[in-house]
């Protein structure tokens, strides 16, 4: 055991599963805020990789400020069209010159954004339905990071914190997986399901309401009957899916704002509401664990787009979640674990000012029984802090 | 007493003042994120007022997406200059036509932004140091709000929630007032203090560290000696100020990133770090109560720029804070009150799905002793929900 | 013969071929100004075709204002890269709604621009090396044109004029064909030749200097030797080519600004100087006949991007050139024909206020000998004025 | 006499005054194209002056690419408003760093544009009715000019030419002065006259039609009667004014597109058609002498915004006009003088490859009689080539 300042203590409040009301939200990858998160993080990864390839270390950058201005669209059965394109402005800082070598930061950003959008949004014509613009200025020259050199652990340059928890509550699991599986396996079979799927879970006692808003893709809908079928399909799929995660009573609501009499339905041409009236920006949606969880402490920090080498807020948000998950997996008897990491300016980031683990144990297990195990597990994970950076750059960690 | 669904219960965890570590942050009005918040809210107010003046009710709009792209500056003793202007893009939705009448939403936005910036930033030349651009699209036509007509209470159009607390902890009071008073009364006497003042408070047990980053204004600094004097002046002022709010031991740190040997100091031409490398956007900084408080539940919702008539997230965030404050003022024996409001889609916003008040009482007071009083006070405040809208439009409520 | 007001008269000055100094210039399709012309005209054609397809007539639009902001590039032997992308802003007016039908003018513009650029610029990565943005506002509502309906001839809505001539002088032919053939057949075999080929011809007496600036494509050049070979190849090809058009003495200069000692050469990554420092806009380069001919009267009117149904300046510039060419072909004895068309506001555009043909005849032919023939030929061509519109929309006429 | 290559010869064609049809146009300072010209030239002057002040010489820049995107307005009797602001993008190249000193080129550009617009457009709210944006990239590093150092004459870096003439024909004088005096002395007394005054003169034989389009300012018009009065006032003023320049028969037409029955009139809020649907850009309007003269040879070169030290096209266009004027003033017997200057790459710009003066003499004067005088006068003017640069920087020469 090192001398890392790790506290393990009982959670003073109720476990979230025991609270009377629980609210959980997830904005799907096609939500305008998530589009920005996704683009920002893709740009970040592409820049980091370029720096590694060209100069052997990650230089200073931050691309956590993408802004999306919604377009106007005229969706229609069997296929409508975008009338006024979406406008996406990638904003941030990047090192454009290093020891005489110039780095094409803006071109890299454009290409990374295009690749990401092309891959994730089959119904969005990049360059036709969406304009991608970029403004990457230069930051202060002395902010050059040093990742990749001899595995040194960077120093924290800010007082910041991260917070994560595990395991996910049932409602959280349902919300998270509803979006993932709908836009994943389900959309593959049912292309009518667009990428903009917003899920709200509300548990009151033992009843869970799951409200799903799915942007249906117009070219796969011929008329109102098909639309209703698509809605019903989603409802059934999600109802079924929910039983994988809970024995509680679940009610699923899909596209509740529809008005069939007025034929006012949630139809889109591109699979995202960004095509019509919904603006977006980075850091306004899901937290690093993919959820918005008002019942839990959350960090305000935008994770997507930040430099994964030295941005302590990003690293600690991802790390706290990862540590919580792996500790909850490894150590038996944990019902709920919340981990908070607070940085110490000027100290290596693997030595946080304090790492606070708050535990709710399972019946019959005392915090004291597993305290040491948790302490050790947290310690071991902290020791591998640069692993997080590597995983982020390689795209193995989602940030939203 | 109405049949509003108001719960009053004991807080299950520790009062924040009793927790071992407390972190509080405030980004001053000149922080790039706050500049965006401030502009977005000014634009919102101007639009709301224009709608009221012209059509007698507030029409649909949302202007919660301002993006700031940092400039480049060359600050210098006795006055430097901005090399590349800051770029500010106001983004959102607005109703531009109503019953045949056209509303100059974009021009209104530009003028409101300019007025706000001129008023708040004496060292920033609007149009010379900062470019203000605007893209206000139109949203869905059926989202027209009806404020001002017969005082009707709008229906909640979303499942959303707001959370507020009172009273502020000592650390919160110090952090909040440090920024307010530095950029207020102190800056009036000491124009060297710019508008970008970031305050971080960290309490560990009974020791509070207050870390202040002040953008000093170059035209009021002739050399390093004067700069050091300015820093020392701030340190003393804040140390002094802190004693108004606490008996705890307080250490104040000012501009800790300075390196006097390298003459690398926090000097700016415009009083904000937006002039050099710090981008910003709405909703990324302070919550509606002006603070970032990781020890408390917080809403992710961006409050600034949202429509105060029907945006339930905005209303409930402001309202929960206002209610918490007034209840904590009125009812004796409250040590900490946290109020959470959850909306009910389709119900009037003064009838939340649930209003949860979590209490920590003072020694010798039981929750049961004041439960009814709290219930009544919350009920009365909820009844005046439209008062919040009015106050927001009139600029009597700060949103960041 | 109709009563069109056609004047045929002798040219009062010298034929251009007889003037002592003649200057002719052509900016190739890859010149920044020409890129703008080409995009503007593509957008125009796409809009016109869309209007015809959807509402059966061409509605009001004008897209003659594309602005290109140059990028920054780092060309290198065997392939360099664009560092900061080119920015292209398509500006203009378009009808976006017609009898309840919405027209996606901006999306059409983006797609037309992309298609044009993809087709013409094999070394330019659209969306990666160049950002295409668009701002198409709406014009005055009463400017709706009516092309396609019963073949009516539109009325002139402005006092405007067009001017054309035929045949091309020898120098003009050389300049024109040098660019066309270099970027055409020659580039096909020699991809090292980029699209930005600027040709200046200067004839003094019987000596012609042809100065060619060719943007060489870096990925097809391995070193300075290959570059020199490429330059020499162009020189030989153009020298050879010139003999097809003249018996005069021709000297060809290629990339004269190169400095081999400094290895400062005209190498580009994308085949156009827009990648590095050369901005461009519509109407600043070639006239409608593809040339800049200071020895001839020229119209200031930007032809590219204008509405070909009712923009009298565009129509008359193209028409005067076409008429001059066909008359010079049909009627024997013409050494030089210059035709000027002046519109009459409120009259059908096939009835110009005046059509002035200025003739220089061949030796032994008097103007009087062919006056009637010319008059008739001009008259017949004018009768088919709407044919020009059709050809423009179908892309059979070049505008720059 | 030097050995400058100056040719003096008789004009081979007819003097413009003797041609049957003459067309002359002037776009007033408030025309969208002229707004761009004016801004571009202001920016150019401000940059040149800054370079002189800071480094003692004019560095490389070119700001000849301003693009204006029209707004939308709702003019109304007694004062309307701009609905969607005009967008003005200043584009060009500038040196931003020189020997370690940074030059705030973009901020200078913004401020110069604002100052120009504020000064010239009393009814346009800069920052409210018009957004001014800027993109000044850097050009090639080796293009640094050297003005101000020892009075050296720069070398021509391009084959370019300029063309000017004097004196102005009667129609030219009328057109030029109509705009100048209307927007000058007349507008001072009659603020109803906006800055966007477009004048077209058409002379056929001895009849001159002057067609004036005046953007009337709505806040100075209460109803249709006042509007008609304003129109009639302009008509009378111009009719009167014309007699200062000609004895020919003149008919003046004002705002001919008005339709009083429909109350469709030329009313603006800002005094320029840029507020509603008319885009603009640099170099698309008046030539360097302030006129568009299809009866004369014209240069395609955009003059406004170009670097006056080394941009040979700009210098020669201004210089040829200035020389023509001063020679026509000094030398008796000149009825029409056209001067063309052609540069010689690599030679000092005061030694053009050729200076061609084409003369039409007054009755009784032979070209031979004044040939030497003209030669000498041209020679003397050329010797003072750098004087043009100075005058341009000081704003003593208009470029559009």
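For reference, chains read A, B, C and D in written order, and residue numbers begin at 1 within each chain.
Just so it is clear, a contact is a pair of C-beta atoms (placed from the backbone, for glycine too) under 8 Å apart; a residue touches a chain by one contact, two chains touch by 3 or more.
A quick note: this is a predicted structure, and the numbers were derived from the prediction, not measured.
The minimum number of touch steps linking subunit B to subunit C comes to 2.
Identification of common neighbours of subunit B and subunit D yields an empty set. Chain centres here are Cα averages; for subunit C and subunit D they lie 25 Å apart.
Per-chain Cα centroids separate subunit A from subunit D by 56 Å. Rounded to whole angstrom units, the spacing between the C-alpha centres of subunit A and subunit C is 51. Residues of subunit C in contact with two or more other chains: 84, 87. The list of touching chain pairs reads A-B, A-C, B-D, C-D. The residues of subunit C lying in touch with subunit A in their complex are 74, 81-85, 87, 96, 102-107, 110-111, 114, 125-129, 131-134.
Interface residues of subunit D facing subunit C in the complex, by the touch rule stated above, are 11-14, 21, 23, 62, 65, 67, 69-72, 84, 87, 89, 91-93, 135, 137-140, 142, 159, 161, 163, 200, 202, 211, 256, 264, 276-277, 279-285, 287, 292, 294-295, 297-300, 302, 340, 342, 345, 354, 356.
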